[in-house]
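In the two complexes that follow, subunit A is the common piece, with subunit B as its partner first and subunit C second.
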Partner chain A sequence: MKINSIDPRVNRSKIDPEKKFEEAKELDQWQTFEVFQQIKRGMHHQHVGCVHAPSPEIAFLFAKEQYARRGQCVNIWVVKSSDVFATEYEDADIFDSAPEKFHRDPSTYKVMDRIQAFKERQKS
Partner chain B sequence: MYGNAYIDPSLAPNKLTQDEDPIKLAEFEARIAAGDKIEPKDWMPTEYRKQLIRMIEQHAHSEIIGSLPEGTWITRAPGFRRKLALIAKVQDEVGHAQLLYSAAETLGKPREEMINDLISGKSKYSNVFNYPAITWADTAVIAWLIDAGAIVNQLANSKGSYGPYVRALDRICAEESFHLKYGHDNVVYLATGTPKQRQMVQEALTRWWPPIMHFFGPSDKISVHTETLMKWKVKMASNDDMRQTFLNMYVPKIWDLGLVLPDPNLKKNTETGLWEYTEPDWEEFKRVINGDGPCNAERLAVRRQAEEKGRWVRQALLSKDSRYVTPLV
Partner chain C sequence: MNISEKGFFAIKEMLYKIADDQLILGHRNSEWTGLGPVLEEDIAFSSMAQDKIGHSLAMYEILSQMGESDPDTIAFMRNDDQFHCCHLVEYPIGEYEFSLMRHFFFDMAEAIRFEMLANSTFEPLAMVARKIKGEIKYHTMHAQIWINQLGAATEESNLRMQKALNETFPLALGIFEPGTHEEILAEEGIFEGEKALQDKWLQLVTPILEKAGLQVPSISSITPSYGGRFGSHTPHLQPMLEEMTEVFRIDPSAEW
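Our next item is the complex of A and B:
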């Protein structure tokens, strides 16, 4: 069987549609790198996704094409996905006590009441 | 059919979740009902994972195969600006595939397996891309109306429950607006041009109308499964609802250009507010999706060859200490 394409490039490359594909094996598509992008100086880098790449250098190249081909970007970080340590969502209760820490909340410090009371006492 | 969930209706209704831990299932469903997102390492029902992998993977394949009919015209695009825009659009579509493959990977299927399943024909992609873009006007119709259909589907899915898919779709939807404008611009240019140009775009529209009507798939069978998929926010709108949204937005714009759609029954029922149309030929749809369309063999052969030809490069660059872990996305 021959492919009769309207694309001359396909016809020129004489692909045999019957040929058996040798399946892609593990790491054929390399490992992944997580991508962090800074869209403006002064802002935090933000995680935007990942790329498959064989090295950090090529991860930069792909990250630029994938995440910075439109809009603004001034800096990119790439980190091997295998190097990221993340908490488990299952353990999210470790953050539950944060709102209970009223002593960290500036609005819970009410000195004016004391000052007023003190001034009243001074007058009398 | 861009990214679409489907469970065989013949599967017994209780089969879907019978092996799941009822407490975990209740927590999972409560999280979704509260509008919260599910993240990769969360507990999830087996069928939720399975449906999402299938749907996101199919969506990724559609993006990458979908760039082929348009890519055909890059070397012959009329004028430099259009050539630049078409290259950019094709690059976007391939980029969408990358984002979606990564989202599917977070559910535990490595990208190599998805590529193997695409090339062996085990995984499907959107049926419309098995048709050829015979003239430049076909690419205009694709970029305008197929992308419009894709946007309807992707906007619906972007309200879904799976975090990585939703994040990928947010990026994708932002880029699609350029595709739509570019496609509309091309159609308008031809439709308002010389008689020959008008004829070209009319013929392309006539060719593409049946695949466009197939785009959202046949009417969903109302079943317990569909309801579960909707409750889990995997399926966000019925195929018919998406088709109606599409017709409502784009038929008036097509008619506005004085173009004719090849369906004498197409009209909006003023009482129901719904569009009426001749039932699409679902036998042809089935035949094409199962491999017997005008371009199925070519699409897969081109994809296979790209994988084969690039393999030695990827192997040459692979470093010995590489270790694959599931990405975070």
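Our next item is the complex of A and C:
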């Protein structure tokens, strides 16, 4: 039996449709690397996703094309996912009361009128 | 810029071969799209293939401004004997190691060629050379990192890379087939020449391959695959052109 595809590349590849593939072993693939991208010098690197790769160099190659082929980028970090220390979701209650502590949120400080007044004084 | 009439023809000949190499290899490499070995590599290789076609467009646009047809007509309406690409770029994609080794040899030559052209007296070309420098740099990084990885990874990967190297090496030497106007190009400061390029290329690729555990054949023992620059091609080119232009030829006047 021959494969008859509308894609000529598939026909050329001489795939045997009868061939049985071994079932993939669990985790039979490369480790993952977390990708961090910097849009402008001096800005923070931001986490943008991950890639599978056998080495940090190849992770960089993939990260560049997966995440930085459109838009601006000046620098990329790749970090083995297994090297990231992460909190457990069962401990998420440590963050619970944070939204209530709005006194820690500087947006509640009413200082703009005093800054304006200072600027006016500097001008005159 | 002060380029003679002879220089003008020499430039056209040079642009055709550079652009045809980029177009044909760009199309060949794009044949991996959706069939690549892993998802991330599939995307990276496809993206570079697209860059190559973009580079050929930049070259065909310069040719257009020099009085040749518009880029689409040049790219899609010629038969194989009107193409000036080298044999290396025409071959089918083969196994992935063949495509990787071809990509390594070709892009290392491309990087040096455009570094030389960045100082060309022919300003439109020098401008493009400076503009695409970063893209070609990434292509060479991609190629080198893979050569390094697979040259030394396992016995199987080393053997397969070595076999790909032996197959592609005589074809790669065909990149540097001298043109008919080498002297004029050099005299007028347009391009130093294929011989100079080949010497620089060999100096650059040899230590990288050796470090990856691969043997580079002695250049004196190899017959380069010449003829492509003068329209004499392998039987692989014409069927590829027919596939590449199939849709365009249905209605060449269609607006895309």
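One rule holds in what follows: the second predicted complex is superposed on the first by the 87 of 124 C-alpha atoms of A that agree within 3 Å, B and C clash if a C-alpha of one lies under 4 Å from a C-alpha of the other, contacts with A are read in each partner's own complex, and residues count from 1 in each chain.
The definition used in the following text is that contacts are C-beta pairs under 8 Å (C-beta built on N, C-alpha and C of every residue); 3 or more make two chains touch, one makes a residue touch a chain.
This one's a predicted model, so the numbers in the text were calculated from it and none came from an experiment.
Novice: Looking at A:G42 after the superposition, I want to know if it touches subunit B, subunit C, both of them or none. Which is it: first, second, both, neither?
Specialist: Neither subunit B nor subunit C is touched by A:G42.
Novice: Between subunit B (first) and subunit C (second), which, if any, makes contact with A:P99: first, second, both or neither?
Specialist: In the superposition, A:P99 contacts neither subunit B nor subunit C.
Novice: I'd like to know which partner A:Q66 touches here: subunit B for first, subunit C for second, both or neither.
Specialist: both
Novice: Please work out whether A:R12 is in contact with subunit B alone, subunit C alone, both, or neither, and reply first, second, both or neither.
Specialist: second
Novice: Is A:E57 contacted by the first partner subunit B, the second partner subunit C, both or neither?
Specialist: In the superposed model, A:E57 contacts subunit C only, not subunit B.
Novice: Would you mind listing the overlap between the subunit B footprint and the subunit C footprint on subunit A?
Specialist: The overlap between the subunit B and subunit C interfaces on subunit A comprises residues 8-10, 13, 30, 51-52, 54-55, 58, 65-66, 69.
Novice: For the complex, which residues does subunit C have touching subunit A?
Specialist: 31, 35, 38-41, 43-44, 47, 92, 138, 141-142, 145-146, 148-149, 153, 243
Novice: Name, in rising order, each residue of subunit B that touches subunit A in their complex.
Specialist: Counting only subunit B, the residues touching subunit A are 39, 41-42, 71-72, 75, 91, 95, 98-99, 102, 105, 110-112, 115-116, 119-120, 132-134, 167-168, 171, 175, 297-298, 300-302, 304-305, 307-308, 311, 314-315, 317-319, 322-329.
Novice: Would you tell me which residues of subunit A are touching subunit B in their complex?
Specialist: Those residues of subunit A that touch subunit B are 1, 3, 5-10, 13, 15-17, 19, 21-32, 34, 47, 49-52, 54-55, 58, 65-66, 69-70, 81-82, 84, 86, 88-90.
Novice: Under the touch definition given earlier, write down the residues of subunit A that touch subunit C in their complex.
Specialist: 8-10, 12-13, 30, 51-55, 57-58, 61-62, 64-66, 69
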